[in-house]
Amino acid sequence: MGKLRPGTIILVVCLLALAVLPWFAEKYYVQLFTKMMIMAIFAMSLDLLVGFTGLVSLGHAAFFGVAGYVLAFAAPEYEAANLWVSLPLAMACSGLLALVIGVLVLRTSGIYFIMVTLAFAQMVFFLFHDTEFGGGADGIYVYAKPVAAIAGWEPFTLENHTHFYFVVLALLVLVYTGLRILLDSLFGRVIVGIRVNEHRMRSLGYRTFRYKLACFVLAGVLAGMAGYFAAAQFGFVNPETLGWHQSGSVLMMVILGGMGTLTGAVVGAFSMILLELGLQGLPAIGGMDLSKHWQLLMGGFIVCAVLLLPHGLLGLGRTASRLRRKPAEARDG
Amino acid sequence: MDANTFLIQVLNGIQYGLLLFLVASGLTLILGIMGIINLAHGTFYMVGAYLAFSLSQHFGNLWLAMAGGVVIAVVIGLVLEWLLISRLYHRDHLYQVLLTYGLILIFEELRSVVFGDDVHGVAVPEILRVSIPLTETLSYPVYRLWMSAVCLVLAVGMYFLIQKTRLGMIIRAGAANREMVQSLGININLLYRLVFALGVALAAFAGMIAAPVASVFPGMGNQVLIVCFVVVVIGGIGSVKGAMLAAILIGLVDTFGKVISLEIGGVQLLPQLSGMMIYVLMAGVLLARPEGLFGKRA
Amino acid sequence: MAEAVLRTEHLSKHFGGLAAVDNVSLEFFTDQIHAVIGPNGAGKTTLTNLLSGELICTSGSIYLDGADIAGLSADRISQRGVGRSYQKTNIFLPFSVFENCRIAAQSRLNSSMRFIRRALAYREVVREAERALEEVGLEDRAQVPAASLSHGEQRQLEIAMTLATRPRILLLDEPLAGMGGEESAHMVELLQKLKPAHAMLLVEHDMDAVFALADRLTVMVDGRVLESGPPEAIRASAAVQEAYLGADEESHQ
């Protein structure tokens, strides 16, 4: 307490860098970082489930995508939605969906939980994919960004990419701080206890289902927040937004950075998007256009990451020290 | 719906269900015996379909293509287990999910590199290119009946494998427990490798026989995978009997969901929402029996 | 005599065809240690699991303060004042010793759906955790990760966590398992200290400890109660000698 740890210093430096970025970067990069921060919020919401509560959800994109659709529905055609109405509405819808799905999926655990979350997310996918009201497979456009007007006064305008950037940065900080506080609260202690030893939590008198459900809903609401801004930034939503590739890739972000740390989720989100961009910018080698088939390398990267980085990027130090210790252990054993 | 259409839909539903069973049984065995959740399982179905497509062009004969395809699938299964899956037995399910997710990306992209992103067709073998007339306008293709028959034969084969062999004894004991299996004097590494290869071969074979009726297209594996998850969840992990029942149930529900028209309060629910039907079914099973119809109570 | 705090009537649990617990009727009183002994597989742990709600009985009833609690979930039974410890140490290994007890004490708050205030700011929970640690003598080890405690200390922590939930009934499943002589003596002393305020079920293989502690002794064999009574009577019983105590040396290690 009171002493500045190296981690805190790095965190503050990164935050300052993010805060001054728009004065130095071109529009493209400001928008890129906006996207990365949105995905970081999304990844943190999943980290709450996977890293802290021990619930491996493979359907988290459903809550992300649904909020985007709510924004699209809330905006009358060619007109902008009001941010103060549509954002809470979108988050509430994601939360409601998480409540309904949560009640069902939390009856299972382990491998079942993974499969069932994936399956229900797919159900939501089909709901939008097979019906007319969500524009079917093509999705719908969000023609205008939401307006932040309160009785005629507009504190900021999302049409301005710098304003958009700062709104998302503020939310990133808010969500991060909020989750830190949450994790140190009574509720936070309970969910971590559930991850470590759910059986013992029950025998101590905790009705673990309630806490897991509350956590699932909260994670859904936060994913909804991220999904809302993603839809506003990209200007459209389609079923892929809530598809299972989205769920898989956000899970990869959480693991890549190191789960159960929040910061790891942010680092993971930033690195995954940069990696994606890097791979998409690769030149053609021989007859093969690598940039077109970047997913091949991404797949290879994921496989290698799982085999070589058991603790994620933030845990690199731990992985390295374990590797160094291994020969000695082998001799002892 | 008259009696003939009904009959055709029942046959279609059962045929689809049996096909799902081939894929899902491998998935449930790998889960139940090895404790591995394999997202890439649907990908092997796709690999099978593309193998049928390319090999049948090469040989000019689907039968040879199937024979060759099964051999290739077994080899793929053995190599993958040896190279990657065997490193996951002691890891959390989370990492199994991620690694096999990575495999999906790799296989999908390889498919795109080799075959492109177009939809392909595979010809039905000449000898089965006939239909049984039911009425003047309706008839039923023999190839679909043949598919069902083959799936049934394989299902019976698996029944014997599980009921009458040593391997089956271990499967029935529900052995995710390495020590127990080893105490029976069985080489566990070999057992796991064979089970995995068997699963891959079943999924790929399902893809091969489905190719002539379902065509061959990108993403076909993932579609099947998720339906198979539903099958496993409904049937219960590790239960081949459960997978059979659940697969037929889902085959029928899905088929009839697409042809029945249902309207409640002026809102057209079916067939528009037929894609969601099986998930509603799964939700129902989860409410009543979270461990699946034939699953062991935790 | 006062009414039993916890009482079972014709309690049975079947696993398939096997009756792990068969028609067991027992009573537990405050200020009394009721020890249950028997060979491995006699159904002692199953009995404990039935009482704590981790297993649901096939037939029979369990009365807590006169109310039937058979069929209630483990968390509800815990909230009604039944605390248990486990045969296999069942603690939160990555947490500090203190946090293990704090999370146990926190369970007695009306609700843990509190999202903002720091957990450590709940003074009464912190005090309760400290009290439990002092009671078992682990207060010096409070800030150490539970994983780095010795086996005996982990067993003590297990008891401290149970105490932090302020139970009236303690279900102790082999609290002395794997402990050395000094640690065992310490634990026996602790249980004696706890006796006046608690009703206790003690499942234990260490016969010296059992005869030192028990006010009442029940011998279980194959899920059934073979004999139940004061320790001296049990020691003298020919049936028990034959079925269990005589075979003592072989059956335990």
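Some observations on this one:
Order as written gives the chain letters A, B and C; numbering starts at 1 within each chain.
Operating definition for what follows: contacts are C-beta pairs under 8 Å (C-beta built on N, C-alpha and C of every residue); 3 or more make two chains touch, one makes a residue touch a chain.
It should be emphasised that the depicted structure is a prediction, and the values quoted were computed from it without experimental measurement.
Sorting all chain pairs by how many C-beta pairs they have in contact places A-B at the top. In this view the innermost chain, defined by its CA centroid being closest to the centroid of all protein CA atoms, is A. Centre-to-centre separation of chain A and chain B, using mean CA positions: 31 Å. Between chain B and chain C, the centres computed from C-alpha atoms are 48 Å apart. Inter-chain spacing, taken between the CA centroids of chain A and chain C, is 43 Å. Of all the residues in chain B, the ones that touch chain A in their complex are 31, 35, 37, 39, 84, 87, 91, 93-95, 97-99, 101-110, 112-113, 222, 226, 229-230, 232-233, 237, 272-276, 279-280, 282-283, 286-287, 290-292, 298. Against chain A, the residues of chain C that register as touching in their complex are 52, 54, 73-76, 78-79, 84, 90-95, 99, 102-104, 106-109, 112-119, 122, 161, 165. Put simply, chain A touches chain B in their complex at residues 50, 56, 58, 104-105, 107-112, 114-116, 118-120, 122-123, 126-127, 129-131, 244, 248, 251-252, 255, 288, 293, 295-296, 298-303, 305-307, 310. Here chain A touches chain C in the complex through residues 181-182, 184-190, 193, 196-197, 199-208, 210-211, 214, going by the rule given at the top.
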